[in-house]
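Input: a single structure, listed below in structure tokens.
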Amino acid sequence: MKKGNGINTEKIVAAILLLFSITASFILLLIMLFIFDSGLPMFSKIGILDFLLGDKWIPAKNLFGAFPFIVTALIVTLGSVIIAVPLGVSCAIFLSEIAPRWARNIVRPAIELLSGIPSIIYGVFALVVIVNLVKISFNLATGETILAASIILAIMILPIIISISQDAIESVPRIYREGSYSMGATDWETISRVVVPAASPGIIAGIILAMGRAIGETMAVVLVIGNVEKLPMSFLSSGETLTSAILLEMGEAVVKSLHYNALFCLGIVPFIIVLIFSFLSSRLIAKTKTRFA
Amino acid sequence: MNRKTTDKLAKTWLWFSAILIILTLLAVLGYIFTMGIGSFSISFLTEMPRDNWRSGGIMPAILGSLIVVGIALLFATPIGVGTAVYLTEFTKEGKITRLIRMSADSLNAVPSIVFGLFGLALFVFYLREYTGGPSLLSAGLTLGFMVLPTIIRTSEVSMRAVPFAERMESYGLGASKLETIWNIVIPGAIPGIATGIILSIGRAVGETAPIIFMVALNPTIPESIFGSGNTLTTQLYYLAMEGISLKVAFGTALTLVLIILILNTIARILKRKFSANLRRS
Amino acid sequence: MEHKNKIEIRNLNLWYSKNLALKNNNLDILEKQVTALIGPSGCGKSTFIRCINRMNDLIDDVRVTGEVNLDGKNVYDADVDVVALRKRVGMVFQRPNPFPMTVYDNIAYGPKIHGVRGRDKLDKIVEESLKAAALWNEVSDRLTTSALELSGGQQQRLCIARTLAVKPEVLLFDEPCSALDPISTGKIEDLIYNLKRNYTIVIVTHNMQQAARVSDFTGFFLMGELLEFGDTKELFEHPKEKATEDYITGRFG
């Protein structure tokens, strides 16, 4: 008697939980739906090439060339990667190969803390400290530059790079290291010629994920990049990224206007990039796991 | 160059990189502390802002943040834990589980500004009648969507860590699946689930972009969740961007950082308790 | 033929944390001879040979007392360069562990880090080493393919070639055939027998027939102690200790 009721309840509960589980996928689909629904109408008025390659963004004149934003976003991301990768991979090597336990117990929590600091806090710090440092170091009229944005982004993506690289390095089997040492190699030779190359797919996965983070970041960037809607000339130029443009202009855009649609289109770009990078990254990480099976 | 010298130089560089990162952390936290401590006090946390934020406290923002994070958790916890229960207890590894996990991972990676646009389109416009448009409710739900993957992941990990043997004992005593889940699995997974909740609180309270279009710089106490409000992050953004009051801005920043530090500590204590539970199994 | 001592071990003790794993080992290893170490699993044979090239240094919380004298100098002296030591004393491990690189790069790895430059020189060393390891004929046409694509036996011979490429004086084999099939095992046993012309060889094995086939001297290890040591034929036909006899006749281990 009891069992019969029990199994029915179980089936109902299972069905409810299945519904719960689909929520995550459902939300993802909803996001795509709404973003595209609000963004795509723009392409009927303005061609996709004009959007991606046009270099003038003047909403008042219905000019929506996003090229300067795309270029700025790419340069800022590139800059942050150039700064963060050598530092991050080195720290990962330090943690897995060289660090004594006491050092690891200090550095690891520090990195966790870094990753938990809200982006707006980084933005405020960058606005007051980094922007002034850049201004003074390079003798500029303003320190609100791509360089400042790259620096603060680099700090923000360091934890991802370090943690994924450390996982990759630690998963390189001990026997490779032993083989190298047994032939008379030094620590650094073993690390640089055997361990890191063997871990490289995983390390690259971390870099890709970090780049996705950097392209999608808004708050830290918008406060320090100067917000000039032009094509940047160098790292010391001011600029505006896809994300900062959305943030700044949405307040003024009339709902459902072309401007509104265009801002959603600006959001599609980082959205797609991040999904692709996320996918690539997990494939690479899976590849490292099977490599050493 | 001598091989030994190269080795030593390389190791020095590696140490340097770690030290540099610690120094960066200290610089960021230290700066916020020194600049914010001047304005920080109990009254700062409990009073209303005065004179267009040039003096007074930040109580409405704190309240707003609490409400928004509360709504987010109210949504994400049951759904997230439920998903985890489904993944661990009701299905085997296969297409469905992989799809669910991939969706959760992808959701986790979505940029915060895209969440902001999504929240705007869905909650503020499409569901305007139900949410009140740009309201604390809209903000809370948007953040709930954002932290859902975190709850799913941490809950699943901690449920899987409950030893199979304990489930078997329960079944052996004649308990049903639901009874086992309710009495054995979930209680055993509580430290891990709690850790996930703490992490999600940390993430939700620190986000700005997802809710920036729904929350205004409001000097009053929110009347209902269907109305507009103010949160610590958005307030900080506006104060910094418009250059209104550096004093209050840094005080807000310090409050935010302190909240994060406290949450981080609690999470670490919970994590230690969680792995202690793992070890005893 | 007169063989002098290449390695003399005196009063060697090793602790893992508080556990005494090697107990007062004393042993002479003769130049250009094959010395085999047999005994039940876990009795310290591998730990012992890893003292000769100081691979035990890589493990935390290990303490060593006593002497391991290579050509009269204790390798544990404070002024010994471990990196140079490991060039002189090479090791082949239980499981083949070629690097995830090409065949060529695997062999060239050792010479390169020890300073050999120039494509021609490296080509020559790669060829010589592969020939000395009886692998050249099988891989000469695929030097640029990944070493991980070779069979188990080929990978192990690759590891031997890799070790030979740095021109060591001593070769340590730690159960080199335990992960291999009988045919590959046979090939490697022949190889070891031939290598002793130019190298001093110490081989740890749990396969007694292998020890009997391949070695000139054999030592029997039990619980970290070297119970008996002597001429291989003598030890197998007329063991002096009862424990040795029990082990050889299969009564335990």
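Letters A, B and C mark the chains in the order given here, with residues in each chain numbered from 1 onward.
Here is the rule we go by: a contact is a pair of C-beta atoms (placed from the backbone, for glycine too) under 8 Å apart; a residue touches a chain by one contact, two chains touch by 3 or more.
Since this is a predicted model, take the numbers as computed values, not measurements.
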Two chains sharing the most contacts, counting C-beta pairs only: A-B
Chain whose Cα mean lies nearest the overall Cα mean: A
Chain A and chain B: spacing of chain centres that average the CA atoms, whole Å: 18
Rounded Å distance, chain A centre to chain C centre (Cα mean): 49
Separation of chain B from chain C, taking each centre as the mean of its C-alpha atoms, in whole Å: 55
Chain C: positions in contact with at least two other chains: 83, 113
Chain A, residues touching no fewer than two other chains: 186, 189
Junction residues of chain B, two or more chains touched: 3-4
Contact set on chain A toward chain B in their complex: 3, 6, 9-10, 13-14, 16-18, 20-25, 27-28, 30-31, 34-35, 37-38, 86-87, 90-91, 93-95, 97-99, 103, 106-107, 109-114, 116-125, 127-129, 155, 158, 162, 186-189, 191-192, 209, 212, 215-219, 222-223, 243, 246-247, 250-251, 255, 263-264, 267, 270-271, 274-275, 277-279, 282
Parts of chain B lying in touch with chain A, wherever the complex brings them together: 3-4, 6-7, 10-11, 13-15, 17-18, 20-22, 24-25, 27-29, 31-32, 35, 78-79, 82-83, 85-87, 90, 99-100, 102-107, 109-118, 120-122, 125-126, 145, 148-149, 152, 176-178, 202, 205-209, 212-213, 233, 236-237, 240-241, 249-250, 253, 256-257, 260-261, 263-264, 268
Chain C residues touching chain A - in the complex, by the definition given at the top: 53, 55, 58, 83-87, 90-91, 93, 95, 97-101, 109-110, 113-114, 159, 162-163, 166
Interfacial residue positions of chain A with respect to chain C in the complex: 173, 175-186, 189, 193-194, 197-198, 291
